[in-house]
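Two complexes follow with chain A in common, the first pairing it with chain B and the second with chain C.
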Partner chain A sequence: MAQIFHRSTNTLSKLSIFGAVFFLAGLGGIASLVIRSGFYTQIYVAREQPIPFSHKHHAGGLGIDCRYCHTSVETSSFAGIPPTKTCMSCHAQIWADSPTLEPVRASFRSDKSIEWNRVHKVADFVYFDHSIHITKGVGCATCHGRIDQMPLTRKQNTLLMEWCIGCHQHPEENLRPRSEIFNMAYEQPSASAPVVHRGESYTRQAALGAVLMEEYKVQSLTACATCHR
Partner chain B sequence: MSDEHKPVPASEGENPFIGGEHTYATVTDKIAAIALARRTSKGWVLGFLFSFALMQLLLVAVGYLLYKGVGIWGINAPVYWGWAIINFVWWIGIGHAGTLISAILLLVRQEWRTSINRFAEAMTLFAVSCAGLYPLLHVGRQWFGYWLLPLPNTMRIWPQFRSPLIWDVFAVSTYATVSLLFWFVGLIPDLATLRDRAKVKFAKTMYGIFAMGWRGSAKHWYRYETAYLLLAGLATPLVVSVHTVVSFDFAVGIVPGWHTTIFPPYFVAGAIYSGFAMVLTLTIPIRAIYGLQDFITDRHLDAMAKVMLATGLVVAYGYMMEIFMAWYGGHPYDMYMVLNRMRGPYAPGYWALIACNIVIPQLLWSSRVRANAVFLWVLSLVINVGMWLERFIIVVTSLHRDFLPSSWGMYYPTKWDVMTFLGSIGLFLTLLFLFVRLLPVISIAEMRGMVSSPTDKEGGHH
Partner chain C sequence: MRTAATFARSFAALALGAAALLLAGCTQDMATQPRYNPLRASDFFGDRRSARPLVPGTVPRGELRSDAKLYTGMSNGLLIDSPPFPITRADLARGQERFNINCAPCHDRTGYGNGLVAQRGFRHPPSYHIQRLIDAPLGHFYDVMTRGFGAMQDMSDRVTPEDRWRIAAYIRALQYSQHANVSDVPAGERNKLNRLPAAASVPAGHVAVPPASQAPQKESK
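What follows is the complex of A and B.
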């Protein structure tokens, strides 16, 4: 009887069984990389805006406090996008004729809001609240990065759930004194640069975090219903 | 080929579980011919088209479900588990007979299993496929179905390992994997036979690929036997464990009618009961159509009927214990649940279930009933219906009377429930028709072991 298959089929079939394992593992590996990549999460990607607003200039260079524009950050879930009036409180006088700022003036004249493009979009069904994070000692820069150094606003963190949970499991690693919340240049305590809180000097975040956990009554909340209601 | 084929008495034949005069060659010819026949019979085509059309109902129902959501089903407060879960338990239970026949009966050397194991294993596989569909469709957002698996993900969470629903995922997927492997490994020598006998190049190649280079050398046989025995050992605990875990879905919940310790054994017995009923439902027509009475003899039917009788009695004991414990425990909710089953709005279902599962099957005590294939076939259908009703009663009557009368309600299936169920029967039958046409329905290799060797036969042709 004639052979149906060539001799090489023996090797090929063994190889394909063996290879399938690596192929599938590779596929899984690639998927896990893609889903965390900037391509998918848009991390570090500056978004196009109607006006090239620079946080670096306003918050960094001029030193305007976050709350001057984001007024409701301490009391509400939403930090607040400033109305055009807030812009005009300065720009009626400064750079009043700049062509770049024409959309701002147009918005002021027509009473139509400037349509900014959202940079930080939380997944559906997540109830995020700015005020509680601020109150419990999480600084702006912890999540948003050095906004004061960004000419155009971009995401500094993935906003994937693993990132949220990472901090919710160990909040003490990211807490700072309430007085430092809006301090963009704040750095965690180290031997060379200790942080002073209530008269005590701390050189390790572990020690400071533990004290703040106690003082601000911070809990590690990881139940589903904390964010998904 | 007639239905009145008499079983060969043990004293006459060398093996009472094979009728007629058979040698290695005739066994191989007879079984391989079904798969290798060049012409497809009209009956097969008609049956296949019917099943395939039935399966389209599933396609439509699932398509609309994906578009619209589980709201198209009859489930709503307080009955959130409707036909989807009933059908899941029903299908997965049916599968159990296959595993019992192939694994446990192999280990305890019940030779008669040889004629039906291939077929029963295929039935298991197709039933598990149908069963697996339902929980996946029931999760609501089916595209997140993979969340049931403990995969690394960007959410840094695992499934809830303390939930019996997750145990279900493991139990059923393990079951499906082991059943597939067991079935496939058993098929290898037969696939090689078909490869060698096929006349068409395409068939030769396809059978050849799946035969994985089987040449039937002593080394091959040695490894094959070892692997088969190991798989049988692996599959054996699954007969008990899978339906035990399925019963945990109910028993772990604090719902009167679910929260009982008798559930695991009584579910396992029920599964085997319904599984053997399904094997009979399928084998009786098939052996008549393909004239396999020599291989699947009346003694086989008799043995299967006895298993049904035994498991049916265990199930009856389970029903009685539920009632007894409700009374003995003195718990008002439990007692109410039992009385509500007997006298409440679903009472006709309950009494129909008692009739189908307990009363009518008592006919199996009679050897005349067990010897009558047509009667057995009808009886097996009755038991299939009864076992479906059992799951309906367990799921629906326990839920529809909540602890608070303000949350009482009724459950009615919608046309989409019915379409999904009929569609899954279509899927099952379609797979079965393909199996019967393309693969040997009885294990050729093992049947050869059942007939006496060719040298013996040559001299002693009586």
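What follows is the complex of A and C.
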């Protein structure tokens, strides 16, 4: 029987087996880049909403506390999206004729919920609880960024598992005194701007973080079952 | 030859099967589970709400609300003037915090009714420091928070009854702060007053206490 393949294909076959390793590694590399890219995480992308609600105006400009609308953030896993009634507690009189706010008034008249589009979404197999993070000294801005400077709400962090784990391994790097949780402008202690906590002045986050870890009984929880229950 | 072809065919079939299995693993069944997260929209209910309203008459466990003083601020149809539970310093601090969150946008932090929302066009609320509200029973403030008053919506869905009483107590403290005399301060503490600079902890450009003439005295009805 005659040879089907020429001798030179021997080299080709060896090369392709050798090359397949790099090809597969390359595929994996590209996949990991895509997953971390803004295309996949939708980081910094303002989602379209039925009403162009501005946190910059309400939280930044008017100084309304986060908890005026997100009422359950301290006591529940879910921060809470305010009912239309909360919007109307001011907008019954302010901008009461604005066409932009017509969906709010329509919702109030018809008792139909405004259907906002979710910006921060974690998969259903992830258990997340707002209240415990707030109780343990994680500020709103630590995860959500300077939401008081966002005209339209966008995601500031990837919410990827590696991002969660980064903080869970070293919580002391992000803790702040409980009195500063809702302070959007809070900055970590530095030599030029020390943070005073319980009468002590701190110039380094490492020192403050260690004290807060102790005081708030914060543990580094990295077991799978912490979030995947 | 024949065995080689069979081998190639079965290998191809196996590879295809493996690829199909791998792809089948790519669905998001775990990430989007058949359950309702809080406030997730529902295609089942007509109003698209997964959060269902309570059946009328439902009493959640532990919320019988049989304590009329605590939940209505009234006793025998009259507003009560003392809190239904003792107010401690911690309660006052909590009241201050909740006041600054829920009330200060309109009433401002000193209670003169000059909050930013009022400055932007909402009807000015009355100052807490007018005689009518100084004379009002404590239950009045609780009642206004619970049922609303004039242009003000009720806050009953946002502030718990206990916190409403703490806020009411803090409003009393605010009123007292604007009408206290030096003689109200215990003699032993009075020298501390002299140590305080006039505008302690007030940012530059801000007035510590708004002059009475600037505060709106008109009442909203």
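Heads up, the rule we're going with is that the second predicted complex is superposed on the first by the 201 of 229 C-alpha atoms of A that agree within 3 Å, B and C clash if a C-alpha of one lies under 4 Å from a C-alpha of the other, contacts with A are read in each partner's own complex, and residues count from 1 in each chain.
Convention: contacts are C-beta pairs under 8 Å (C-beta built on N, C-alpha and C of every residue); 3 or more make two chains touch, one makes a residue touch a chain.
What you are looking at is a predicted structure, and each value in this text was computed from that prediction instead of being measured.
Peer 1: If we overlay the two complexes on their shared chain A, which of chain B and chain C does A:Y68 touch? Say first, second, both or neither.
Peer 2: So A:Y68 only meets chain C here.
Peer 1: One more residue to check, A:Q93. First (chain B), second (chain C), both or neither?
Peer 2: second
Peer 1: When both complexes are superposed, which of chain B and chain C contacts more residues belonging to chain A?
Peer 2: Counting contacted residues of chain A, the larger count belongs to C.
Peer 1: Based on the superposed arrangement, let me know which partner A:E162 touches: chain B (first), chain C (second), both, or neither?
Peer 2: Only chain B is touched by A:E162; chain C is not.
Peer 1: Looking at the overlay, what does A:K112 touch: chain B (first), chain C (second), both, or neither?
Peer 2: second
Peer 1: So which positions on chain A get touched by both chain B and chain C?
Peer 2: 1
Peer 1: Report the residues of chain C in contact with chain A in the complex, numbered from low to high.
Peer 2: Per the touch definition, chain C meets chain A at residues 1, 28, 30-33, 35, 37-39, 41, 47-49, 100-102, 105, 116-117, 120-123, 151-153, 157-158.
Peer 1: Quick check on the complex: what are the chain A residues that touch chain C?
Peer 2: Interface residues on the chain A side: 1, 62-65, 67-68, 71, 77-78, 80-81, 83, 85-86, 88-90, 92-94, 111-113, 115, 123-125.
Peer 1: Show me the residue ranges of chain A that touch chain B in the complex, using the header's touch definition.
Peer 2: Listed in rising order, the residues of chain A that touch chain B are 1, 4-5, 9-10, 13, 32, 35-36, 158, 160-162, 165-166.
Peer 1: Inside the complex, what are the residues of chain B that reach chain A?
Peer 2: 152-157, 195-196, 204-205, 208, 212-213
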